[in-house]
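Residue numbering begins at 1 within each chain, and the chains themselves are lettered A, B, C and D in the order written.
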Amino acid sequence: MNPGDLDRTDPAGAVAAAAKRVSNWGRWGADDVRGTMNFLDADRRRAAAALVRTGESYSLAQRFDMDGPQKGWRRRTNPVHTMLDTGVDAVHGDQGFPHGIGGADDVIAMPLQCSTQWDGLGHIFDHGVAWNGRPADKVVTSLGDLVTGIETVADVIAGRGVLLDVGRAIGTDGELPDGFAITTEHLARTIERQGASAAVGRGDLLLVRTGQLTRARRDGWGDYAGGPAPGLSFTTADWLHGTEIAAIATDTWGFEVRPNEFDHAFQPLHQVAIPHIGLFLGEMWDLDALATACAADGVYEFFLTAGPLPVTGAVGAPVNPIAVR
Amino acid sequence: MNPGDLDRTDPAGAVAAAAKRVSNWGRWGADDVRGTMNFLDADRRRAAAALVRTGESYSLAQRFDMDGPQKGWRRRTNPVHTMLDTGVDAVHGDQGFPHGIGGADDVIAMPLQCSTQWDGLGHIFDHGVAWNGRPADKVVTSLGDLVTGIETVADVIAGRGVLLDVGRAIGTDGELPDGFAITTEHLARTIERQGASAAVGRGDLLLVRTGQLTRARRDGWGDYAGGPAPGLSFTTADWLHGTEIAAIATDTWGFEVRPNEFDHAFQPLHQVAIPHIGLFLGEMWDLDALATACAADGVYEFFLTAGPLPVTGAVGAPVNPIAVR
Amino acid sequence: MNPGDLDRTDPAGAVAAAAKRVSNWGRWGADDVRGTMNFLDADRRRAAAALVRTGESYSLAQRFDMDGPQKGWRRRTNPVHTMLDTGVDAVHGDQGFPHGIGGADDVIAMPLQCSTQWDGLGHIFDHGVAWNGRPADKVVTSLGDLVTGIETVADVIAGRGVLLDVGRAIGTDGELPDGFAITTEHLARTIERQGASAAVGRGDLLLVRTGQLTRARRDGWGDYAGGPAPGLSFTTADWLHGTEIAAIATDTWGFEVRPNEFDHAFQPLHQVAIPHIGLFLGEMWDLDALATACAADGVYEFFLTAGPLPVTGAVGAPVNPIAVR
Amino acid sequence: MNPGDLDRTDPAGAVAAAAKRVSNWGRWGADDVRGTMNFLDADRRRAAAALVRTGESYSLAQRFDMDGPQKGWRRRTNPVHTMLDTGVDAVHGDQGFPHGIGGADDVIAMPLQCSTQWDGLGHIFDHGVAWNGRPADKVVTSLGDLVTGIETVADVIAGRGVLLDVGRAIGTDGELPDGFAITTEHLARTIERQGASAAVGRGDLLLVRTGQLTRARRDGWGDYAGGPAPGLSFTTADWLHGTEIAAIATDTWGFEVRPNEFDHAFQPLHQVAIPHIGLFLGEMWDLDALATACAADGVYEFFLTAGPLPVTGAVGAPVNPIAVR
């Protein structure tokens, strides 16, 4: 399917049709809470570790601080980090500890989706239904996600990472423009240009670089959080399903192209990917340093560890993903 | 040095003497901000990746929630996780989104040292002096750690992990009693019992299991946060320095034995390890599942990735460490 | 009705029967959001101002800090207050402001019901129904109380305060024991002993002192938050309704006696008072200094201003009540 | 002194000279922590209560929510209010309480200076010196304001309020333009126009309306938080001192005119008013409804109660001021 084939007036119909085609409900049993993470097993993880060639490591996390992109929409602020004790106090002699020891301590308040993160399976619902066909109101209450909380995948997300640098392959000066819908064809072309190490398959942790973060870093955040952005086309739903990847992450706020490809819509690909495919989505990842390294030697696969902070019942969680090449 | 040789009335003297012996100040230049993480280079990381044999992965993080050990001392609470939107609201039709999409979002407020964490180099000072000889008041102000913030090691902490299960090797039923001081001799004996895979050396991420968390899990938290605990003896300072490990983590609140080995003291080994050795300390790690696996096949080394959440200027940070065997 | 007449095995029945007798639903129209605050009009407020005789003022708020009674139950912590900037930083010269100005700023994270507070009308429901017969799920969603948020009474709570010091009138050494159920008869006896200034009527802001806070201050918090306590008997529901008071506040965590007067129950008087009477409940007020002054001159009425912090959509709110005698 | 007499290049000199003229250091003893609140005694409070004529009450607080003016500068966000439990959950049957009771609870995280507030005496320093000549680093550490925390005036702020509606008296359509410096002459002219009830004197709680909040409410926040604004001229320092008012509050973010009246400056009048006069400043108060009522009947005095939320050690605090006419 191509973007041109979408009926722009009927996102609900498109979601329903796609959901029907790509549903993984029941694939791993009625009790499953890990969705596509089931594709990432010990064998694949062992094979992925063998991809380490130089031992160079890359953090794919943005910094967590008030300089982030959030503007308060839906009460999403940037992280507020404050000190309980400081070195200034210690030098000043205020701390009351013995034998000259001094210390500093700190506190944070933040939305779990404020910066580099995973969307958990409880983050998005389709008509009140969550992953694996569960009623959303039985899954996520005011107490949090009682079933598919992010802690359920605390130990699994380490495996083969593969970078598709669509910005470099298809864009201009390494960047796709805002509103650019990445199609299956673009993905295929990127894989082709990048070569054999860029093949995408079962259990992979797929990283898609658009270059938007590079642009935001250069030009200022602007509407990075929620505004126009390059991203995956709604039409990639079948490819996301068919490749049997374990997860996908991008360098944008919202993974899919914005404005969305319907006249009145809000993140329709999420509505298919999370509750129906059971796919984990990473957002606001910083792929630039890794992408530079991959471009330099032409190797686009690596060992990636990205265990979310296991906040019990969280529907998403901050993460410091580490790629080792 | 043995614990019996310590002058219990003079922690300041003991700290000063040890600091003199083990100081790494200047070792990596005047501008260094990574301390012992300098030992963990790409070569060692590459070699560590080769330790992966089965691909089984273990999260060494406790869950982050209100059921944690904190009691409010020094304003350290357990994490408060609240929902901005829920599945109940989505089912109820409150969210105002189009085409049947619904969502859940969440927020957290927590001390950065509330649960499984890294102490950064700005966490502890000796007489107002921080790592590498910097005045603490030039390092950590109300704005955070301006020099050695945890983000400076966001990308480095992936390498060879080695577990010393002192609880199993020396303790009873896998647990050391509270107040048990782990000496260099105990460490050596544990290494000997565990065999060749337990050798400890340059650049390693050393995990020491005492069994106290096992006990707390069984009997309740009690005074786990700050109370009596097994832990490293002050006398291990030279060993911690001499092994050239990159970091050490334990399953206890405070890494070193408590009560401390002086009449009136507070965490004297921290005062040597962090500002003088430049050593990273991990606390409240959950080593139990990993320890069981190691005991089963007798292999105590693995690939460990433990990148801290890169909160800018943090003096410590939560982490979800992932061990792959 | 006396406590002895309650069927301890049937709280649901008792709640239903009381609710039927005391309901104010519709009394102020279908759109009403102020409940019993409707009794407190400008005329009564003007008359109350005339009660000021000396101009002495009393804050009835506890201090908001980590030394409060909360223990984390249902994620209710004590307030965490941290500094964004300090005088130590200012002296140290870190702030970067011109012409010698320095400053300090601070942040707080807290449950709105952590200390001295008002329960708003959205705080408690009876079988899913909120004040004035509204379905609770149409009133309080994850976005807060959309109808009866505490901000709706931001301007109204100033009027005649009257103190019933039941602790002094009925108790021993000014204190009622934990588990003591204050009945209508105890209230009447207290009024009689205190004299004419203690009459209770329409539009009054009634303060009931049990002495439990005095005890907690002396002996430690113990189970002050949620444990056994003196408080209003379930049987006072009709009196609370019939007096046409605007609000009632106590020096205890939960206003009503605990353990509750049924075998298996949780705050049944709340279930009648808030959704059915539309009554505002104040909890954890510090009445001791005021009570001492009232006891000294025998005057138990005063001008009371207790506007809640108007957090939009809050179901309760902290308050610093000020009594002027 | 007129604004034209200020040397725009020398704010430090102007501050020093003004401080010398208006200092109240020692006026109430070396231990004083209440500054100008000492002017507000019981006699004046009693007299103020007699000003109540109709009993109408006005809340002068803005609503506390994410729609406020803050933009994150210096980590000042708008309040983040989240629910621990909701009516939707209660209806849904998730709460596990007996006999049909359901409840809602909530949490807030916010800077104490995010909305309608008092600046405490620990908020601003002059060359590292706080109110009454104390070294700022002995007053406000990471533990908060150890000396003049806002809780020290928890019980005092109730007395005669007087509104100077400079917007209506001097401005156009009730509003002063941004950058308009209100001088002593403007204040005098306003008093003259408003008549006898607008006289300002010892112990008064003075409210100055500029109309900027009216404009922000109409046109959007824009740079209300920290940007250009009408406000008190630096040259009013002597008048603020000489009138012996207890406090002053405005409807603007920062009380004094912005841009400030020097080439390179930041809030120089604060630097005189708080540490030297010991004056309490209220900011972001909503004076519009009260001003309309005052304009209607020509009476500009009333009974004002504005006890800050007594957060221990806070250098400022949110408040819901209640004016009763």
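Worth a mention:
Everything that follows uses one rule, which is that a residue touches a chain if its C-beta (ideal position, glycine included) is under 8 Å from a C-beta of that chain, and two chains touch if they have at least 3 such contacts.
Since we're looking at a predicted model, the values are computed, not measured.
Comparing the chain pairs C-D and A-C, the larger number of C-beta pairs in contact belongs to C-D.
Remark: chain A and chain C have CA centroids separated by 45 Å (rounded to whole angstrom). Averaged Cα coordinates give chain C a centre that lies 27 Å from the centre of chain D. Listed for chain A are residues 75, 80-86, 88-89, 92, 94, 107, 109, 137, 141-143, each touching two or more other chains. Interchain contacts join each chain to each other chain, per the touch definition above. Every residue of chain A that touches chain B in the complex is listed here, in rising order: 11-12, 15, 41-50, 52-59, 61-65, 67, 74-76, 79, 81-88, 90-92, 97-113, 122-128, 130, 135-145, 151, 154-158, 262, 264-268, 270-271, 303, 305, 307-316, 318-322, 324. For chain A in complex with chain D, the touching residues are 66, 72, 75, 77-78, 80-86, 88-89, 92, 94, 109, 137, 141-143.
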